[in-house]
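Next come two complexes built around subunit A: one with subunit B, the other with subunit C.
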Partner chain A sequence: MSMPSWAPKPWVLFAFAGALVLLALVPLVNSDAYWHNLFTLTFLSITAALAWNWLGGLLGQVSFGHAAMVGVGGFVAARLQVSSHVPMLVAWGVGGVIAGLYALVWGHPTLRLRGPYFSIATIGVGEATRLICTYWSWLTGGSSGMSIPVHPALKFQLYWYGLGLAALALIASFALRRSPLGLSLLAIKSDVDAAGDVGVSSTRLQDLVLFLSGMTMGICGGFYGSFFSFIEPGDLFGFERSISYVLMGVIGGIGTIAGPALGAIVFIVLQQSLIAHYSQLYLGLYGLFLLLVILFEPLGLVGLALRVMKKPIEEQP
Partner chain B sequence: MIRAEGLVKRYGGLRAVDGVTFKLEPGQILGLIGPNGAGKSTCFAMLAGSTPPTEGRVFLGDEELTGLPAFRAARAGVVRTHQIVRPFAHLTLLENCTVAAVQCAKLGHKGADTFAREMLRFAGLDARRNDLPAALTLAGRKRLEMARALSCAPKVLLLDEVIAGVNPAEAQEMGTLILRARDERKVSIVMTEHVMPAVMRLCEHVVVLDAGKLIASGKPKEVVQEPAVIAAYLGKARANAG
Partner chain C sequence: MIDLLFSAVLLAGLYAMMAYGLGIIYGVLRIVNLGHGGMIMVGAYAAFWMHEQFGLDPYLAIVPIAIASFFLGVGMYKLLVKRLPRGAAGGVQSLLLLFAVWLILRNTAYLLFTGNDQTLRTSYSTNSFHVATAYVSWNRLAVFGVAIVVLVGLHLLLTRTYLGKAIRAVAQNPSSCTLVGIPVERVYSVTFGLGTGLAAAAGVLGATLFSFNPGYGSSELLKSFVVVVLGGLGSVPGTALAALILAFVEVFSIKIMPSYLTAAVGFVLLVLVLVLRPGGLFGQRVLG
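== the complex of A and B ==
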């Protein structure tokens, strides 16, 4: 045994590093604002979809309320920058930690529910958070939202911040899936009682992964605010946003390592190419996608790729 | 090794287990037998921490385990298998065992991986370590339950009907595996079993439950002669006639 079984294959490392370098060079070659925005937004969605998948895929607890943490992180970061002039990265970090803690507040009790019961609870949490935060105008500016002054040069650089975030989230997803923690989460997903019988402390591990997921969503929220310079609760906390993470995860391949990243790319590309002309149609198209995936390929795009390459399903990339 | 003192489990008005006391000696294989509904599985659940006893106490050596959650009892060294097998369907056989070795035996990832492979080899499943549990036969999955429990490096193994339901040849092999676990892995074993020939072959000592109460205890050959035991299994009239 020269390499441990959980180490990445060399070609995966090369492909990852190559893609990272190429993507990092794009803004230097092409400074077109449309592409610049599209790529940055995609990086952000990739990060969020991967973080959603830690809970939805590894633990099998499908959250329909993850926008709550994007909102909490986003508005805490924005408020810190606007009212206290906290540096951007520090504000993102604080927003992330508070979002993670907020996830624990509602998640510690609700993670005792499993499957659809948990999902239904998260819908309630998401909507309640949206309403409360819309009402709390001292934090969020109410339904008219708030502006965050961002220097144009910094805004251009956010491309690389986003790329870095997405890369980190992908590395974290890989490490998590291959680590003992990831295996334990999958064991809990399979059978929570049997996991306890071999020493897995499900409560603690569930809380840990919930915090990590919530924190990453919060950092995405902070990033979102700085990138658009304007946020409002109806958008950041919106149910559609929560649904979009579920869609990215399911389309890409729920529980796989890189699936949600693929799902996020497909989602954003479809959204951008359809929303201008067929603003109603694109939601219907996602519905159709969802049906096809659930009916024919439960592992989403990753499952489809494995089938094309004729690889056994258990070797998830 | 493990000591149950006056265990009682009440579900509403029903006493599923009613004042059961027994002791497992180091290196012993103890059979917990009785007709359906006698309270064997409930006893197991209380020993393993799956459910807390209403009254009574459980000890492992000097350490009291009463009321500890299952994961704590497992880490302390009392690990159970399940009558209806419960493999982790999303994990390969090796990963099934690695989780146990990491969380229960507290090994690092690499050490756990090695130990898990050793336990799979012990249970005769090494060749299939990268398969998912769904690819195994029932006998294979019962072996996996054993391998996963042994990956916890337990002091006491609680085997819930690991032989029932497999064919005679597989039952014979499973019996041998249990004996090897005792001798090579140095575990003490409590087992419930419906297959009486297996109980006769494997157990040095049996405890018989009926309707939640302990009705007999002793060497298997002697216990099965006792009128109370025959009555519990076959009914009173037959016992009187015999």
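== the complex of A and C ==
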């Protein structure tokens, strides 16, 4: 099999594969439940943060309501497993596709317009989806939520599923940025009109990225349900969840390939060490982090690393 | 029926005022102020606090709150917004920055007043009078009156004064303004202050009508945006008409839809407007 010309350098591939193997071996060596769960959740956050970044970073369309798709995917998957005994992976997949389609329903009309219309719309979408789904108790169990029976052995294996998801999301991020398709996305982000002039079909590509992003969020929702074996709309659709994806993307480096993955790790660490102790302050702390990154290092950790290595910003990793 | 008609018209005044604060900033600085909802919420809590603490009537509190918020807005511009690149490049950054401001405002309100729903009750909150078969609340009428006065004042400011002309000139072409000696930076900061002050004043009026919590303002932000998109940028008559349309659709949708769906009405209207008339009802006019 020959690699495409935009494939990463061999040492990057080896490092990636090596990291995957090492991480896959961790549960066999150390079976401490706290770390096991924390790692699994981190993989999930990495996946979601990367998927958020496809829209927010690669297309420049920031979403403040991505929890809506996590919720839709999560509850569809949960309902399928509980009421129709659909196998877990199939349920995740169906939930993901429906979440992706849902993203298209509201995102397609607003993405076609230049300017911040999409971002503003996401603020309304997140809230409206939460309210409507909380009311639809046939789907979500209402505000008391629903339980999903998961076998303990399967729950332990979710670690590897999560690792696989995060790896796939990272590969997809790389492809979406470096492939010819990625160049088209960059052109759309820079100037929709000029992109159209050179034959880039912005409507179709934007819809594709939106669908992919929504679908991945939906799959994360399904995963989340199986991992916690209990979900409720207030949490899964929550404003806090939507902002956390924004923050992961921005901390890591909005628009970079692997930055949001890094941002997700930092976010989880911050949450465990800081935010969990000051639950009254979490919104303000989120705001403060966001403010500081935007003002002083708009490319986040990746920007910081580039500055330390004295590389020009154009060579984003 | 007449009941609904009245309440829609009276609500439209508040919507127009809310939207104008967002629209004037967008028209001049080309920035969507995501802190707008936060400032509406701050206005509501400031009026609540003054009423609880000093027994100050919310209608009297509007003036000090609007003035204080004006300076808060000027400060926000000079401290934060000014540092960002303007136009398409700064679009995402300014959205995120002002969103961060909103989060901080929300958290501050939560710390000061808890997350519980609050209401601002005055001795006349529930008084009403008859018109034909309809009951009209004095309070709603007063909100409408204040909103009209403010909007007319703004219209005069923008069309009759030097400052207003400078604001409109900067909205049209900032680089030629520097050539003819208009202090563009000062116009930007004054405009940001005006928009912020309007948001807080609208929040005071909103607090006399609805209950609120630290999350108050997010659907108001969305409604403001609907009105701005529908009415075109900064046109006072356009804004008024758009606010009327939004208020009518909302009030009548409560009649025909289950209440949980009305949360989505503003959003559906936004999408419809964007798809059908992205330039607003009157095409894209900038301030005047």
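Observations on the model:
The definition used in the following text is that the second predicted complex is superposed on the first by the 302 of 317 C-alpha atoms of A that agree within 3 Å, B and C clash if a C-alpha of one lies under 4 Å from a C-alpha of the other, contacts with A are read in each partner's own complex, and residues count from 1 in each chain.
As a working rule, a contact is a pair of C-beta atoms (placed from the backbone, for glycine too) under 8 Å apart; a residue touches a chain by one contact, two chains touch by 3 or more.
This is a predicted model, so every value here is computed, not measured.
When the two complexes are overlaid on their common chain A, residue A:Ile243 makes contact with subunit C while staying clear of subunit B.
In the superposed pair of complexes, A:Gly115 makes contact with subunit C only, with no contact to subunit B. When the shared chain is aligned, subunit C comes close enough to touch A:Glu127, but subunit B does not.
With both complexes placed on chain A, subunit A has more residues touched by C than by the other of subunit B and subunit C. Once chain A of one complex is fitted onto chain A of the other, the partner contacts of A:Ala172 are absent, as it touches neither subunit B nor subunit C.
Judged by the touch definition given at the top, the superposed model places A:Val200 against subunit B, while subunit C stays out of reach.
Common to the subunit B-facing and subunit C-facing surfaces of subunit A are residues 191. Note for the complex: subunit A touches subunit C at residues 56, 60, 62, 64, 106, 109-110, 113, 115-117, 119-121, 123-125, 127-128, 131-132, 134-135, 191, 239, 243, 246, 250, 254, 280-288, 290-291, 294-295, 298. Against subunit A, in their complex, subunit B makes its touches with residues 48, 50, 69-71, 74-75, 79-80, 82, 86-92, 94-96, 98-100, 102-105, 109-110, 112-113, 130-132, 148-149, 151-152. Subunit A meets subunit B in the complex at residues 4-6, 179-180, 183-184, 186-187, 189-191, 193-202, 255, 314. The part of subunit C that touches subunit A in the complex is made up of residues 32, 34, 80, 83-84, 88, 91-93, 95-97, 99-104, 106-108, 110-111, 215, 218-219, 221-222, 225, 229, 258, 260-261, 263-264, 266-267, 270-271, 274-275, 278.
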